[in-house]
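Here chain A shows up in two complexes: once beside chain B, once beside chain C.
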Partner chain A sequence: MKSATRVWVLAALVFVTMGDWASNGRAAETSSELLLRDDEIARIIRHGPWPPPRRVDASNRVSGNMSAAELGELLFFDPRLSANRQIACSTCHDPKLGWTDGKARAGGLERLDRNTQSLFNVSGNRWFGLDGRNDTLWAHSIGPMLDSREMGATPDLVAKILREDQILNELYQTAFGVSANDRDPLDLLVDAAKSLAAFQETITTGRTSFDIFRDALEREDYKAANDYPESAQRGAALFVGRGRCNLCHIGARFTNDEFDDAGVPYFTGPGGVDPGRFEGIRQLRASPYNLLGRHNDSPENASGWATAQVAQTHRTFGQFKVPSLRQLVQTAPYMHDGSLKTLQEVVDHYSNIDLDRIHSDATPLLAPLNLTEQERADLVEFLKSLSTPVEAD
Partner chain B sequence: MKRFLLLLVLLGGGGYGFPALAEAKCDSKTGLPMSLPPDAPWSMQIRLEPSQVPLNAPFDARVTICSRSGDLPDRITVDATMPAHKHGMNYEPEISRADRHSFEVKNLLFHMPGVWRLVVTAFENNEPHRFIYEVTLQ
Partner chain C sequence: MLRILCFLAVAFVVRTAHAEELPIFDAHIHYSHDAVRLVPPEEAIKVLRAAGLSKALVSSSDDNGTQLLFEAAPDLIVPSLRPYRRRGEISSWMHDPTVIDYVEDNLAKNKYFAIGEFHAYGDDINTPVLQRIIALAKEHNLLLHAHSDAEAIDLIFESYPDALVLWAHSGFDRPEEVRKVLERHENLWADLAFRSDQSRGGKVAADWLSVFSAFPERFMVGTDTFAPERWYYVEDHANFSREWIASLPEALVEKLAYRNAEDMIKRVTARQSE
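So, the complex of A and B:
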């Protein structure tokens, strides 16, 4: 080999062995190579790990019980649980539509004023419903069955179905250890709701590209972390930085399970107002199914302290639940009234937020972010990365 | 005998009985000092349980009156706000008297990261005195 050629070959070998280039064309041996500062990394790490440990609801004696979950699944899809025998829980909580219905406002026997919430990861919430009117998943499963605008059922109707349907009757016996024929209708209604809750507890989402990124940051594997798209990295920095989204959308589930006013009007129509959390607290306290009542299966382990001590201040008027941000790609439209159709619209809303709409006599938590077009795109990419891929039909 | 009785009176500290009975023993176990208003008749300490306040989860506190120049407060109220946002907690804590010098405060909850200002208002004959302790949550 001529000497000049040898030099080129040697140079090529040196070049190839020098670098270990990541997919973005840069090696990220240290955190300084990422698009994030160390304080931003620290804040991002707090949004995990995922999935969280499985929690059993002590107030529901069949929480985690597979027979009860099986019974609950059958009931969930059963339209006989409605006055017209045409509406099931799945009518509004369709698994093919992210366990919601894809509509701005829910509709059962009548149209309602609020968006249907998804059931993804619903177990482990502190409050249930956009106004937090219930303190357990099973209590929240009762309302739609009995509400004349939703399913319009009665305890007697639910009891009849559990007693007369052989499969349901046997599953009930297996799950609860007693015959449905020996229970009164109200107790059967509550047990049906507890079975529905046991089923809904199984509706969970898996790990996302964000979780892979977050875990890589935690173990300081910055090379792996740099596989996360740059746009999503910039979006994450906005989320935990200037956007201050992480003040309410905290932790692995991206929600503090509390309530706030996001500047979305709470008018339901001409002369109509949705009081949100303010009314939700009133309903919570009046409910015979709350944790302070006799249907709590374990008051010593599910104390209901939050129900006893929740403060109904004027500030709660017009506040709605801070939603989880997981699996948003499947759960459009968004906000309590379904008024925002896409994630882009949600980001635009917060970028241009109208402070006059915020019902608060305090310093508003929210302020217009005035994001550039690129920043909006980055935030949308970040939000999308909190969802697992959706399989095409 | 008279000298002995005089000595007892002097040790008694101004007619309130023996100092060991009049004041709580405050040390690192009773917690950290709260900032007090200039005219406060007492100083106060607070111990948070757990000491590392969790974000968005209930925690408790023990408030101890450490020294006084007058009667002990007959009651206290406890509240907290975020000075940056001017909003308070979403729950009213449960308060009970633990002993003559201290109160138990149960189920405080800070639902956002940031600086929280915990305010204990102690009442002496219906006159309020506010004591402050700040907590920063990540």
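So, the complex of A and C:
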């Protein structure tokens, strides 16, 4: 909207709704150009700042180590790490496709039942995988290598590549301070995964138009904040207001890092279901690579406390990870099974959510929002503003 | 000595096998319209039998699912009439007088042991629809399976002092609150469906053990298959129940696993045959 027109529209809006503005506490003096109340502004500010401080994973002795990251990058794109020598990590986590694959459901050596998750900002996760089956990024990097449906590798295969490839061997020596030839295959597998994690830690997203808006709000520079499109402002108000999206999608990463039932069916086919977090907890507790195991490089710290405490409950059956909302424009399709193709479909899902699928033991967090067409468009605009512009090839 | 050790070993194996095979009366199963489509009756019965259930108190929205299961396995299914035509009526049904016609029509043509599980809180019980449902329970000698708060449970008994009531999810109340409600109403049972707080790591929690011991005849377990996918949780739930029930004092084990629910249904049938 051109600025002159916008002034007239705003003036008309103020005139027509002046009574409402006075009664609902909108900040008439401090942010008169904005379409947000003070309480909404306060909630929006909680979604930052971005980027967050860099976090070193104490359980991974090569976290933040550039040689390890370089080794991890080479391994990430190396199809020799699969049983048929054709599938690399990057087959499903393609950087050109937002570090995912653009497909509804992942497929390595076989087709899987879940959507491939993007690796954007992955190092900030508390749990890894849609079911949280791992408590570190490095442990989660082991799974696809060994899974017979994904890459189908073995510790021996990984060790062979690390030992026989001169470049990889030298990088390993630099990163870990020991020769790959002197390590047993299982330790080399874990070290390869820790290198992969060191690389994935570098996959981060930049500042978005939302971040600029949010920071302007924080320093009370409403003139700068008003550069943020009106539609996205209205979407933000919905997000932190009536939509209550911010109850799960909290903080700078827009996720509480936990799990929930978003009302999406989780049948995998006739007679089969994806138990989600319920099975993830079982696998986490049983994993020799969890933070309670010998591969944790910082066993004295308390980082394994949650792993020791987490327990299967009835509620966890059919729950999936609450994803971050950053860089969504590159990571379609959405939801645990990739069943929703566009952000519009995601918004429609929550707008018309089927409460029949949600247990009624308490006031439901989710409720049909019955959004108007304008509100749906506003929410989509807001979600898009959480992404940096995507460069064309 | 060797003979004694062998005997003890065999006794241990038998006891373990018994624990694994402990029958479970699942007092909280739904089989609604979407489940009928996605988990056909023969598959649903297979799931219940694989879980080692001795009985299942089944209701559905609409009632067709319950009838299909009862027809397929009358030895296993204890039919209950849910006053909803679709699950979406959970929060509106008490204000919809057409529900009465639906319930009366079904009571006239089918065999039931209960009405429910229905959702009603506080003075919802005083609405004409709920009062008619309670009157129908009295008229047909049926159990009321109520997903309610303590206030609603009190009001049900105020409306019909001789009612037989199964309190769904034990009201999601804390054990000390559940104790108080059970103390007030001797014809009240409580299911533990969709709650996990009664155990931790397979062992019963101390606060719950205290209430189970005080009311050994009143508690039972249930899965609550509120979405079709949860049919594939019935077996996990039965095994979860077996695990923590096995940590109870011996006198409580069979009672919570299946006897209390059986005895509750016997109270219903006794009234129906009077």
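Methods note: the second predicted complex is superposed on the first by the 356 of 393 C-alpha atoms of A that agree within 3 Å, B and C clash if a C-alpha of one lies under 4 Å from a C-alpha of the other, contacts with A are read in each partner's own complex, and residues count from 1 in each chain.
As a convention for this text, contacts are C-beta pairs under 8 Å (C-beta built on N, C-alpha and C of every residue); 3 or more make two chains touch, one makes a residue touch a chain.
Everything numeric in this text was worked out from a predicted model, so none of it was measured.
Undergrad: Once the shared chain is lined up, is A:Asn256 touching chain B (first), chain C (second), both, or neither of them?
TA: First partner only.
Undergrad: Where does A:Arg315 make contact in the superposed view: on chain B (first), on chain C (second), on both, or on neither?
TA: A:Arg315 contacts both chain B and chain C.
Undergrad: Considering only the touch criterion stated at the top, classify A:Pro275 as touching first (chain B), second (chain C), both, or neither.
TA: Once the two structures are laid over each other on A, A:Pro275 reaches chain C alone.
Undergrad: Look at A:Pro265 in the shared chain and tell me whether it touches chain B only, chain C only, both, or neither; answer first, second, both or neither.
TA: After superposition on chain A, A:Pro265 lies in contact with chain C alone.
Undergrad: Go through the superposed model and pick first if A:Asp356 touches only chain B, second if only chain C, both, or neither.
TA: After superposing on A, A:Asp356 lies in contact with chain C but is clear of chain B.
Undergrad: Which partner does A:Ala306 reach: the first (chain B), the second (chain C), both, or neither?
TA: First partner only, chain B.
Undergrad: Please write out, lowest number first, the residues of chain A touched by both chain B and chain C across the two complexes.
TA: Looking at chain A, the two contact sets intersect at 311, 313, 315, 360, 362.
Undergrad: Mind listing the chain A positions that touch chain B in their complex?
TA: Residues 42-43, 46, 246-248, 250-251, 256-259, 305-306, 308-311, 313, 315-316, 360, 362-365.
Undergrad: Using the touch definition up top, name the residues of chain B that touch chain A in the complex.
TA: Touching chain A from chain B are residues 55-56, 58, 84-94, 106-107, 109, 111-114, 138.
Undergrad: Show me the residue ranges of chain C that touch chain A in the complex, using the header's touch definition.
TA: 32, 34, 38, 43, 86-88, 90-91, 119, 147, 169, 172, 194-196, 200-201, 223-224, 226-230, 232-233, 236-237, 240
Undergrad: Looking at the complex, which residues from chain A come into contact with chain C?
TA: The touching residues are 265-267, 271-273, 275, 278, 311-315, 317-318, 355-357, 359-362.
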